[in-house]
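You will see two complexes here that share subunit A, one where it goes with subunit B and one where it goes with subunit C.
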Partner chain A sequence: MAVPEVKQSATEARLATLTMPDAGCTRAAREDALARVLETGLPGRRDEYWKYTRPDTLITSDAMPAAVLKDDEPPIFDKLDRLKIVFVDGVFSPNDSDDLSLEGVSIDRLEDICCKDIHWAKELYGVLEARGQVPVQRPLAALNTAFASDGVAIHVTGKPSKPINLIYRHASPTSDAILHHVVRVESGAEATILETGPAASRFNKCMEIDVADNGTLHHVRAQGRDHERRAATHMFTRLGQESVYKSFTLTVNGVLTRNEQIVELTGDDAVAHVAGACVGDGDFHHDDTVFVTHDAVNCESRQVFKKVLRNGATGVFQGKILVKAGAQKTDGYQISQSLLLDDDSQFLAKPELEIYADDVACSHGSTSGAIDETALFYLRSRGVPTKDATNMLTLAFLAEAVDEIEDGSLAEAIVNRLEGWLARRS
Partner chain B sequence: MAALDQAQVKEGVDQETVDAVREVGTYKYGWDTDIEMEYAPKGVNPDIVRLISDKNEEPEWMTEWRLAAFERWTKMDEPTWAMVHYPPIDFQDQYYYARPKSMEEKPKSLDEVDPKLLATYEKLGIPLKEQMILAGVEGAENAPAEGRKVAVDAVFDSVSVGTTFQKELKEAGVIFCSISEAIKEHPELVKKYLGTVVPVSDNFYATLNSAVFSDGSFVYIPPGVRCPMELSTYFRINAENTGQFERTLIIADKGSYVSYLEGCTAPQRDTAQLHAAVVEIIIEEDAEVKYSTVQNWFPGDENGKGGIYNFVTKRADCRGDRSKVMWTQVETGSAVTWKYPSCILRGNESQGEFYSIAIANNYQQADTGTKMVHLGKNTKSRIVSKGISAGKAQNTYRGLVSMHPKAKDSRNYTQCDSLLIGDKCGAHTVPYIEVKNNSSRVEHEATTSKVDDDQLFYCRQRGMDEEEAVALVVNGFCKDVLQALPMEFAMEAQQLVAISLEGSVG
Partner chain C sequence: MLEIKNLHVKLEEEDKQILKGVDLTVEAGKVHAIMGPNGSGKSTLSYVLSGRDGYEVTEGSVDLNGEDLLEMEPEERAAAGMFLAFQYPVEIPGVGNMTFLRTAVNAQRKARGEEEMSAADFLKEIRAKAKSLKIDADMLKRPVNVGFSGGEKKRNEILQMAMLEPKLCILDETDSGLDVDAMKLVAEGVNALRDQGRGFLVITHYQRLLDHIKPDVVHIMADGKIVKTGGPELALEVENNGYSDILAEVN
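Here is the complex of A and B:
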């Protein structure tokens, strides 16, 4: 189908501001991705997949300015031992980063994968993104593959002793960053990747994750505090036999965040958990879009998303479980819940199931409502002030999502952040 | 049914259910009536629209209304978002008007109707005589006389053949007639309400319907009247290559009540036929409408050949405070179904309910569900949808629950379960949930575990394990819906009661 004129001109305007990096071995993948963008055009507000989130500001020629928050809070995970890889406004900063050598993992910059001839990365770049364009198109991810200016290739071959932390700092109020990472977890290997920080005024990030048989990847992300930042992120994950992928995202602030997780279970007995907790206050729009495809036998997937919203904040959840024919014994679960702390906020959800196999258990639930008055009354009758009681119940509401984090110290850091946010806001 | 016989049925799926689905899948209404027909030329254009309007002897304003709709339709695109696939429809290769020759002169009473037509309905179990013993329904003859009376409007291809119990209804002040008659006899009511719930521009098929609808039923229940009997319209498509476009308009004035039933069948043919209906219901203060459908259009044969394309727009507007609507549908027919009976809950404390059982077999595709639009304060809605797929069928629940900012303290509860029989079919759920205030509660569940805690506790107290208790409660509920179907549909319901949703996939 031809791209509508409005879309076409918007796409052309955006592309005019971008130059494809001189990228050697990833050139072909980038050209293909550009062709995908041209074929579909960038997202428009009439696209069904963008029904609840307006993509306008994500595709304008220039990023909308976003003030850099003077942060008095120490960076999250500061107390934990981790390997730091720092990007400032989407540019790798060697001075701020740690030495990239760590046992069990090799880390390279994206621009080095050609000269160092890193086969797996060359072969992975753009591949999972391209697979993820069917059945739903994700033009922002294709745009990313075509124009990403930086990123890392993480090759997990053993069990590194500490998490790898990608830190995204925001310095310029007009920064517009496009980052693309590729991750390969080898058979039997296990690692934890952390992502933190507000990144840029506008951030387009794509991560392709290939987990081989018996591999395990933990992913914990804390999307930072700058109020005016905008972000569109895509995580494409392919899972082999008996592999495990567990991802948790905490989102606070930001005028617009669209997080897409595309997970494909291709090996039998694989496990994928994708969770998210978000707290929004005021001019805040947060969208979790998840697409889990079961294409193997006896796999398990969980989607757990919780949103606390107030003062006109908007929370969106679009989740899908697709069970392909033959993916018998699938265990799919999906829950999306919102807690609306006042009357101005809204929750928009589209929790979908598409099932082509008969011997499966898939369930989904979605609820929305105010804080439980009975529980509040119970706490108050026991002498807890309303404010504290509300915060307590809010944390309890978010707990199911936070519980998806396996590592206790990471979970604790996330809970501390949430407590801090609630204390400041109430 | 071969596909179903060979299918490896998953453990835990009740054999009785499989048998019942198989039974439902055997189409019993595939015969046709050999009767001389009169057709309008094939295709649709302003002349055809005028011709239909002429045949119905409509006033000028109605013709203009239709022509405006047609004009609009030519600029619209066919929707493609539903999870259904079918070859492109050639809208010019259809008859838009077909009526039995004998209906040229409208019969003055049922006695004058062509016996062949009467026999057709007799054979379908819908006798157009005013003594209603429902054919084949056990125990119907013992039912109290009041309970078994059903007034029927019978629509055969493009025209209404006759309406029973006219006199008795008139005494109660109820108007129940074909819409073509209503346009002539009660233009003020039609003018006031037609197109106010489903606007002319609503969607592709509704707009087409607005241009070419040939007949349908009209109901007006005056203030404070409880309709003395159930009203029913029975649609039969008989002619080949003919689309049926009927329009139903139901108005329940303040404090009134009516239960309305709809049934439909078609002969077995190799080519697909189009059916695009519009149903509009207006419910004023304190009024209540119960609308039940057993949709049994020809579903196509076991190789997916033929069948009806059922593209229907149904909507109820609860305008007054405390008004109430209840949609109950049993969808077993049609090759392709595209149908979302909806409720606009405008009045404060108004209520909408939607109960649906959709069974798709062979190559059937059903994309069905509901919309609950909460606008008034304290409004309540409940959605219970059960989808069963067998053979190579695809069954989709698609629904919207929308809580507007002013719909304070509203409630919605949605439950949709699907059951797959065999590994070649599909079951899909596409709910849209939009909550724009925090005093409302919305719950969407697609698991069998969420049943009433008290009931569960009761069962467990009596020694059942949790699974048994859940099964009992859920199945009991499913049966409740079916048994709530009016007597008219008791026969179909009896079959379907055997269906259990044990082993449903969510």
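Here is the complex of A and C:
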């Protein structure tokens, strides 16, 4: 089908501003990805998958300017021992980063891979993204694969002693960054990847994660607070037998965020948990779009998303569980809830189940509500002032999502951020 | 301590008068019981005293130690020494019982200009008080009232009362839903708090609770008013003959 003219001209205008880097062994994947973009065009307002989130500002030729927040909080995981990999406005910064050697993992820059002819990452770069284009097209991810200018390839072969923290700093108010990471977790290996920071005025990030049999990957992300920043991110994850993937995202501010998680359970007994907590104010727009495919026996998936919205903020959740024929004994769970702190804010949810196996347990639920007045009164009757009581109940509402983080110190850092947000607003 | 004068209260949403002139004084060191048939306004009285929304005071006054209670927010009433043990304690998922209590204790102290209680002191005190109410460590850690049995919820109310050390304690049908053993435990908890400086207002349907918490004064409430006041023997009279004789006598 031909791309509508409006879409085509928008796509061409965007492509005109981009140059494909000297790509080495990723060249073929990039060219394929570009062909996908040309075939479908970039997302438009009439696309069903973008019904609740306007993609316009994500595809304009230039990024809308976004002021750099003068940060008043110490970096979120500052107190934790971690390997830091720093990008400033989407460019790797060797001076700010740690030495990339760590036992149990090897880390290469995308730039270094691109000048090689042979590298393990070639087998992964653009591969999961391409798989993730069916049944729903994700042109921003294809655009990313084609034009990513930086990123890392993380090969986990053991159990590294500390988390790997990808830190995205935002320095220029007009920066436009495209990063692409690939992660391969070998059989029996286990690692934690942290992502923090606003990255750029506009950020397009793609991460492809391949977890082999018995491998485990924990992912905890805290997106930056810069109020005017925009981000479209994709995480494509493929899970082997008895492997585990647990991902949590905290979003505090940002005028536009679209986080897509595309998970494929391809080995029996695999486990995937994706969770998110977001708190937003005013013109904040936050979209969690999740697509979990069960394609093996006895797998478990959980989606837990909680949003606190106030002063006209908008939250979106599009979550799907697809259970393919033969994926018996699937245990799929999905919950999306919003706490609306006033009448102006809104939550738009589209939970979907599509099941082709007959011996599965899948459930989904979605709710929107205000603060529980009875609970509020109970707290106040014990002497807790209204403001503090409201904050306690707000944190309690988010707790189910935060509880998905296994590591106590990471969860604590997330809670501290949420408390900071609440304190600034009360 | 608590002085209620000619209190008239209607529902905010509809034109329904619930309290029609309640006069009641609770002195420090005394236990007053209010009994009465269903719909007489007992629970409404407790809600109005604690500051719950949905009620409108159309006439009368309530003073707590000389201060106008009706002008205060619920949290200010708590800091001024008011405590209501709820008939239906509220479940709050996601808020740990211990965190909740510590926040409450320190919020009240702060409101009164007192120093906050240290984590260590708080822990020591709550452990001792929980033990006497047979509340185990697990119940302290769990979210407030979530998954608690009826008896556990009521014991948890008494634990809060013990930790917050209020001046005026209102017990709203604390005996409802309790078996005999649980009632004894709750009564012991209440009795341990009885002292010269503290007043109690115990609202109940049955005389049974008053076997364990001996009242100094018993009031009978009917149709939004206190219609008869007497000593503990009044409760026994209700137990033996029901309310009808008393109400007939009053009318």
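Basically, the second predicted complex is superposed on the first by the 420 of 426 C-alpha atoms of A that agree within 3 Å, B and C clash if a C-alpha of one lies under 4 Å from a C-alpha of the other, contacts with A are read in each partner's own complex, and residues count from 1 in each chain.
The working rule: contacts are C-beta pairs under 8 Å (C-beta built on N, C-alpha and C of every residue); 3 or more make two chains touch, one makes a residue touch a chain.
In this text the structure is predicted, and so the values were computed from the model without any measurement.
Undergrad: Does the superposition put A:E400 against subunit B (first), subunit C (second), both, or neither?
TA: Only subunit C is touched by A:E400; subunit B is not.
Undergrad: One more residue to check, A:V3. First (subunit B), second (subunit C), both or neither?
TA: neither
Undergrad: With the two complexes superposed on chain A, say which partner A:P385 touches: subunit B (first), subunit C (second), both, or neither.
TA: second
Undergrad: May I ask you to decide whether A:F377 touches subunit B, subunit C, both, or neither, giving the answer as first, second, both or neither?
TA: A:F377: touches subunit C, not subunit B.
Undergrad: Which touches a greater number of subunit A residues, subunit B or subunit C?
TA: B
Undergrad: Is A:S368 touching the first partner subunit B, the second partner subunit C, both, or neither of them?
TA: A:S368 contacts subunit B only, not subunit C.
Undergrad: First (subunit B), second (subunit C), both or neither: which does A:Y356 touch?
TA: First partner only, subunit B.
Undergrad: Report, in rising order, the residues of subunit A that make contact with subunit B in one complex and with subunit C in the other.
TA: none
Undergrad: Using the touch rule from the top, collect the residues of subunit C that touch subunit A in their complex.
TA: 50-53, 73-75, 77-79, 84, 86, 89-95, 100-101, 103-105, 107-108, 111, 143, 160, 164
Undergrad: In their shared complex, at which residues does subunit A touch subunit B?
TA: Touching subunit B: residues 48, 325-326, 328, 332, 338, 340-343, 345-370 of subunit A.
Undergrad: Within the complex, which stretch of subunit A touches subunit C?
TA: Subunit A residues touching subunit C: 372-375, 377-386, 388-389, 392-393, 395-400.
Undergrad: Where on subunit B does subunit A make contact in their complex?
TA: 10, 81, 83, 403, 405, 408, 418, 420-447, 449-450, 505-506
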